[in-house]
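Chains here go by letter, A, B and C, matching the order in which they are written, and residues are numbered from 1 within each.
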Amino acid sequence: MSCALSVRSLNVRLGRRDVLRDVSFDMQPGEFVGLLGPNGAGKSTLLKAIMGLVAGSGNVSRVGRRLADMTPRQRGRELAYLPQEREVAWPVSVHTLIELGRSPHRNGLGPPREQDRLAVEAAISAMDLGNLRDRSALELSGGERARVLIARALAQETPVLLTDEPAAGLDPAHQIALMSTFRNLASEGRSVLASLHELTLAGQWCDRVILIADGSIVAEGPPDAVLTPSNLATVYGVRAQISVTSDGLSVVPTGLV
Amino acid sequence: MTQRLWNNAGLIAAMVVLGLSGGGPQPAQANALPKRIVSLNLCTDQLVMMLAGPERIAAVSHLALDPKLSVLAEYAKRLPITYGQAEEVFLHEPDLVVAGSFHLNPTVDILRRLGIKVEEFASADSFAGIRENVRRMGRLLGTQEKAEAMLAEFDSRLARVERQRVARPALAALYYANSYTSGADTLAAEVVERAGFNNLGTELGLKGTAELPLEMLIMEQPDLVVTGLAYDAPARAQEVFEHPALAYLERRSKNTAVPENLWICGTPYTARAVEALAAVRRSLPAETAAVADPAGAQPAGSPFERR
Amino acid sequence: MKDGISYPLLLAGLGLATVVLFVVSLLTGPAGISFFDSLEALLSGRGGAAAIVMQEIRLPRAILGVMIGASLGLSGAALQGYLRNPLAEPGLLGISASASLGAVLAIYTGLSAAFSLALPLMALAGAVGAVLLVRLLAGRGAQTITLILAGVAVTSFAGAMTSLALNLSPNPFAALEIVFWMLGSLKDRSMTHVWLSLPFILAGWAMLFQVGRALDALTLGEAAAATLGFRLERVQALVVLGTASCVGAATSVAGAVGFIGLVVPHVLRPLVGGQPGRLMPASALGGAAVLLAADIAVRVIAPERDLKLGVLTALIGAPFFLWLIFKLKREAA
């Protein structure tokens, strides 16, 4: 069985705390999976551990190959990662920034090739950045910067995309556009794992949802199976109004438990 | 007048008291010859050692022991030395202190405030200056006859060199560490000139101790290059002596080193430096390049224009 | 904002400036050799004294101006890119001061007289030592302020040890040496200095030029850069050792020349659209041009006095900081 991403027994200890305990799950090609959980549950750590940015025990592999056995460049062509911190150090142009996503594909010297150019253009149009391409990345608004950084990850053209709170700071229209983009990527056969706080977005757009609390997976499955009143109360400590609309599952927190 | 010996704490207390009282022990009587002389300066060391017997010398400076710098280093070995600190000097109970004249000399100030007679000597930058210093030291020490005898010998040596001088001066360059030379108004320049050379530093319009760029040294191609002696402890300043460009000069110029101790201080011994260089002059061909090399003419207004 | 002016044009312009200044440097000096005589003496080797002056005094000086200026500019750009801080420079991390200390120890223990490579090697050791010490003091992933403080500590310590060594030296020229090491100079350097420092400088450049792409990726932060296929430990090693190598060798020849590694990349950054990878070659050329210009200026402004290179670069640096302050105030207003 060729899983797009296979995580087995991932344990991460930071300092004296066990941040992730024995986390295991699979992702298939064409799946858009939402990673949910309260603050401090370990969502960011899980994504970093999969990318090899924090040390952990366990096994992560892609279509049967262990990630640990790959070179960083090979990993960069298989998985793209969008950190939560939207750091941009220099006033480079938007176009240049997006082009950085092509790094794992480009050899050391030499100008960008045709496929690099096309990937960048596709990413620009997917994130609606055409009119911003020559602007300095440091002059953008928070939401614009978020879209540019996502475009970078898109330009990387990897089968798997991991992203940490990508919808934070985006206006509703751009949030929906973002979810739509992820959906499109999934329908192309890629896999997307996104950690989200926006429960309704997860409910409406994700094929599957993984709910994490205290470093362990509490529930996993289709959104309506996971986002139940009892799970929401136990994990988040909230009461919510859950309804099924024509657009999908709607989850609106209404009060504390 | 004798003083009681004080330990350090007592010395400090004494200085405070004396400073406040503005007075102190009475200076030596004007007509009594000094019997306990302390010299604080390399050059005054030499003069004192030449003109006074060891029983009258209470101490000389530690530099007097360095044979590279001091002609009378052997003699100095028999004498007590100081490192120029007021405390040390005070403990020798001097009735006369001789020192070099520098702008800032806190040691001399303290000694004067303690009521000690201090005579400062400017370093001789000409032969006239040598004669003046020797005579003055002779007066101070009461050994005028000896001073005059030394100067008589000094003059006769110089006269002999003058008689044997080759008519046409050759070109000599003095070249020290960090590319320095002695220009006009220096003792070294006068030594070189009396020995039968033109001094490149003076020719280039430099005054005092000044920088002589290596390029100029190469372009002028002097007949003689006089280098300073190397010190034991290496320094980057001496790297210039290993510059490959100097190898070129060595093929064309004679190179000599005159013992530093003969002319770092202006004393009657300086005549020997003149004699040594005059001997070198005689060893060079009589017809030498003493005129400027037209190809090396400097643009007008250049600081290195030939005067 | 467009990606700066055309990049090839920028490099060509800086390259041309460097070449022109190189030629002017060859023609500058107290010996008034005419233009054509200079070139003939340099190229043909005929012309007696003039040829010696050109080949043994002026040529090495000009070559070293290029090598050292390029090293300072390049390493400044690399450090700023790696630390993601536009105020970083080799001197900040104590590299120049420690290289000076290594060089002074090599001279004063007599090692450099016994074994000529000892001087650049010990300067290099000093530079690497500084880097390791700063890393030790500041720790991994340190805040900028911590890193700067660690660098200040290392610089102060190295400076104090250098002064001590010179103070204790029996050689009377020792006190003046401090001036050389603190202010830098290219006076009377020879081809020997060129050959001794060349391997280390080239090695440093080879290491630094490899990190251009990685520094570009670091624009996105360390996490993203790591996932884009770059080994960050290797990048750090190349940046640190590359800087130590070329700046260490440069310092061993010319003493500590400040400000170029800070000002040149900072000023050129807008012209390359902020990209660290593009900034490095531009900064190397810019640094070479600025150092050559400063070295020409010291010979032209006060030829009879031994004006130090560092004085001129400081005269560039001080107004630069003033300009920075005004710019920041304007942006904050």
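To be clear about the criterion, a contact is a pair of C-beta atoms (placed from the backbone, for glycine too) under 8 Å apart; a residue touches a chain by one contact, two chains touch by 3 or more.
This one's a predicted model, so the numbers in the text were calculated from it and none came from an experiment.
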{"item": "Common touching chains of chain C and chain B", "value": "none"}
{"item": "Identity of the chain that, by mean CA position, is farthest from chain B", "value": "A"}
{"item": "Chain centre separation in whole Å, for chain C relative to chain B (CA means)", "value": "41"}
{"item": "Centroid distance [mean C-alpha coordinates] between chain B and chain A, Å", "value": "83"}
{"item": "Chain A and chain C, separation of their C-alpha mean positions in angstrom", "value": "43"}
{"item": "Partner chain B, residues of chain C touching it in the complex", "value": "29-33, 37, 49-50, 52-53, 56-58, 107-108, 110, 112-113, 169-174, 176-177, 180, 187-188, 190-192, 303-306"}
{"item": "Residues on chain C engaged by chain A in the complex (per definition of touch)", "value": "1-3, 84, 210, 213, 216-221, 223-224, 226-231, 269-270, 273-276"}
{"item": "Touching residues (chain side chain B, partner chain C) in the complex", "value": "177-179, 206, 210-211, 213-216, 218-219, 221, 231-240, 242-245, 248, 293, 295-299, 302-304"}
{"item": "Interfacial residue positions of chain A with respect to chain C in the complex", "value": "48, 51-53, 71-77, 79-83, 85, 87-93, 95-97, 100-101, 103-104, 106, 108, 134-136, 139, 149, 152, 156"}
